[in-house]
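As written, the chains take the letters A, B, C and D, and residue 1 is the first residue of each chain.
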Amino acid sequence: MDYKLEELLICCLSSKLHSMRHIAIGAASPIPAGAAFMAREQANKSMHITLLASQKHNHFTDGSRELFDAAAQGRIDAFFLGGVQIDGKANINLIGTGEYPNTERRFPGSFGSALMYYVVPSVFLFRLQHNRRSMVETVDFISAPGFSPPEVYRPGGPVALITNKCLFSVDKERQRFRLESLHPGVTLEEIKDLTGFDFDHDRAPDITQEPTQEQLQLLRGIIALEIAESYPLFAKQTFDI
Amino acid sequence: MSLTQCTITEIAAEVANGSLLGVPADYSGVPMAFTRELIRQGKQDLDLFCLPQSTLQADMLIGAGCVRSVETAAITLGEYGLAPCFTRFVQEGQLQIKDSTCPALHAALQATERAVPFSPLRGLIGSDLVKHRSDWQIISNPFSDDEDPIILIPAVSPDVSVIHAQKADRNGNVWIGRRKEVATLIHASKKNFMTVEEIVDVDFYDNEVLAAGVLPGFYIDAIAIAENGAWPLALGNRYATDETHMKDYALRAKTEEGFQAYLSENLKV
Amino acid sequence: MSLTQCTITEIAAEVANGSLLGVPADYSGVPMAFTRELIRQGKQDLDLFCLPQSTLQADMLIGAGCVRSVETAAITLGEYGLAPCFTRFVQEGQLQIKDSTCPALHAALQATERAVPFSPLRGLIGSDLVKHRSDWQIISNPFSDDEDPIILIPAVSPDVSVIHAQKADRNGNVWIGRRKEVATLIHASKKNFMTVEEIVDVDFYDNEVLAAGVLPGFYIDAIAIAENGAWPLALGNRYATDETHMKDYALRAKTEEGFQAYLSENLKV
Amino acid sequence: MDYKLEELLICCLSSKLHSMRHIAIGAASPIPAGAAFMAREQANKSMHITLLASQKHNHFTDGSRELFDAAAQGRIDAFFLGGVQIDGKANINLIGTGEYPNTERRFPGSFGSALMYYVVPSVFLFRLQHNRRSMVETVDFISAPGFSPPEVYRPGGPVALITNKCLFSVDKERQRFRLESLHPGVTLEEIKDLTGFDFDHDRAPDITQEPTQEQLQLLRGIIALEIAESYPLFAKQTFDI
């Protein structure tokens, strides 16, 4: 079957979202948006999806603080965070590389990560460039930490990390990533080469399930249109609409 | 209550060098016409407080040398890429950056809104943001018997905030709709000006449905008409982002020369 | 998101004895039909949290013996005089009263809204209210070099809140207009139910002007239709207070016998 | 000239409000409402009046907390508070008489007084039954104190007390009331008899200025109509409309 990497990632993420009641998706997150729409179509019609970049899919009426308030109230089950760097302790860096504050390479900033990562029960990390510059042993700047000591209020945290090469799950006890599946065509050796941190894995890891025909039809049809409302450039590149 | 009308030039003149200027996010109504006027007037040493992030507005002000410091959760052109002047200035050490996170910026204004000296906030502990913010404090939650550290964010009050909106009524009330963060910023600021697409000859309060989205006029010092005042950014569902212009900006502003050329073309009256 | 419709009987059944019940002010949409159903169901030991005061709703619940305690800034029938059951019960020592002040009640819910353990609040120091509120704390403002005492109000989260509003849409969103304190109460409560005059076959979000006054459906567990559901109180500009009824209540409820006679007449289905 | 006591009080209060930019009026305050409308008509057309009991004259859109927020922000210049008891230190009691909590006579409660009295620069106290039960040496319960020690944040406080018998001003230095004027027909001796606290006064106090013809016309015309929207019973009794 012919599909794009983005389509694989959307379908892979989507399978983790079936039980969510309310999923929120921040700026610059077209793949998570697609995954949420897919999960709603396939598994849970009453799921509520908040797309912050959208007008149609954003029901907040109390201003832009309402996302953070609702998340802190425990009303948002899943959220997605990227990272310029992500390290083996699931710390994320959205600020830049090099020494702070005059980083060598500066990125936009930490956005809401320093609250959302703490309070949303299921935070999915994503990074489409899996290499040793992004998957590092220790991030140069912790926008938000992966784990917190027991005295810190933290009902939420990371549950998975998806990249262009593989899917990691998060072992909360061991505070480590575990390789869950390799995307089709990727080898364990390749992941080890591309990853700056240690992770757990089976000797022969699973392969990420490929999108089904039904999924691709949904994706290229109604879901592509939903995505296009908020992410027109992405939709054009990926779905040619 | 009555409308005090003014011009963009007058609003910009009210922004003294060294002011703390409230800056809205891209979805809140960015006063770009006013921003260009600030640059024309050669403002210096502005401190920007972004609620909770900024886009072209901060980037242009930074590139034009108007800015001393920025407090923000992010500066980005969104789908058009990194904010080129911001990125360049930070990397070159020419800009004081107070990195924050969205809810902390809201919390700082909500403290001022209620005239209390601080707001507590969850999260943040263990983030390197805290290391670089000597103005934040961690206390032990006095209501907990167990160890329970919590961050206190001090109140912030911008000297001036300026927002662009679709409509004002004849009595100086402004319709902001669901964009209630605009109200938070305005409540917390010492002086407030709005630019609007149009002033309509009605009283929004005559209609309870309209009234639900109104920012009362008594918070606003004066209002200026600025047609297409958010251009090249979008304004609600009134007009969309000028994509060609934004792509062009993102490309040209990557260099100092390119940005200066962009400015000289776009600052013409 | 979709509408979950239910009946007033079902909502009242969700209020367990001993619950902390969120109670709106007279201007916020008082669910009187639901209140009468609570009394019919013989609820016991309710704790009422009023935002920030109550009128007939608290007075009837108190008179009917459903209430263990009330936290409020006031209970009054407004122009119709003192709240007779409240007054009688307090004077006779039959009601636990946690006297507060309007902004403290808002602050307690705003803390829960942001999921922080407390909100600071100005005022209050030197008021006897503080003497009787062991749950409030005075700390020294950690951002001040000088002595600067400030009150911390702990977060409160009602177990259930019920509000009456004009309209819900087919997807379970409710139009509350300018009555944003309803949103604060709902955000802060563990379970929320609304009663409405009608459910209309539209989506409020299809119209940005309507959307500005909407409480999103994802906060609400279920919605029941209750025509004239605020009667004998007013509901926005939809209907006015039933003055004759209120005068009659104010008079009859002054005695236990009068109140019981009023109840038996007015609790009929 | 023929006028009612309420009309005298409205006109008397009104003269103190000419310089206010924003006056807010709480529940159960028809006389302050009338005074504010009069001041706007006579002195300051751009004055903003917030009548909380009104829909028309209430421009708040951020819920009922906005009054308190706006007051704390310093955006409200004048407010009015009653009192079951008011004492010589300008302490007010809105709770009831006797020992708290099971007061002998219970009143509605403290409303917003425990913030408003601290933050609004000009708070006017009013009480229409001037007698030794209401004007006491020491209140039975302090809903909000008249004065605060210097370390307490307090930009606002009382400036005057108007009763059915007289007008007191507040001497902030001495933290005492000063008799400003006697309402027509009232004597200093009568005030002394009716007042449970000590106050300063001239040997021959001024007489409260009577309403002018112009004021009565305004009051019985457009102002009565404005009052009636929020206080129909009061308007009926006072203006017969």
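We adopt the following convention: contacts are C-beta pairs under 8 Å (C-beta built on N, C-alpha and C of every residue); 3 or more make two chains touch, one makes a residue touch a chain.
Here the structure is a predicted model, which means the values were calculated and not measured.
Undergrad: Which pair, A-C or A-B, has more C-beta contacts?
TA: A-B
Undergrad: How big is the gap, in whole Å, between where the Cα atoms of chain A centre and where those of chain C centre?
TA: 40
Undergrad: How big is the gap, in whole Å, between where the Cα atoms of chain C centre and where those of chain D centre?
TA: 28
Undergrad: Can you compute the centre-to-centre distance for chain B and chain C, using the mean CA position of each chain? Integer Å is fine.
TA: Computed value for the inter-centroid distance: 36 Å.
Undergrad: Out of chain C, which residues touch more than one other chain, so two or more?
TA: 103, 114-116, 121-122, 148, 150, 178, 180, 183, 208, 211-213, 237
Undergrad: Can you tell me which residues of chain D touch two or more of the remaining chains?
TA: Answer for chain D, listing residues that touch two or more other chains: 55, 60-62, 68, 72, 119.
Undergrad: If I apply the definition of touch given earlier, which pairs of chains qualify?
TA: Contacting pairs: A-B, A-C, B-C, B-D, C-D.
Undergrad: Can you check the complex and tell me which residues of chain D touch chain B?
TA: That would be residues 21-22, 45-46, 48, 55-56, 59-62, 68-70, 72-75, 119 of chain D.
Undergrad: Which residues of chain B touch chain C in the complex?
TA: Going by the criterion above, the answer is residues 103, 107, 111, 114-122, 137, 139, 141-144, 148, 150, 152, 154, 176-178, 208-213, 236-237.
Undergrad: Can you list the residues on chain B that touch chain A in the complex?
TA: Touch residues, chain B against chain A: 25, 27-28, 51-53, 72-76, 78-79, 82-83, 86-87, 90-93, 97, 99-104, 106, 110, 121-129, 132, 146-150, 178-184, 237.
Undergrad: Which stretch or stretches of chain A touch chain B in the complex?
TA: Touch residues, chain A against chain B: 27-28, 55, 60-65, 67-68, 72, 94-96, 100-119, 141-145, 148-149, 151-153, 231-234.
Undergrad: Given the complex with chain A, which residues does chain C contribute to the contact?
TA: Interface residues on chain C, with respect to chain A: 1-2, 112-116, 173, 180, 183, 187-188, 205, 208, 211-219.
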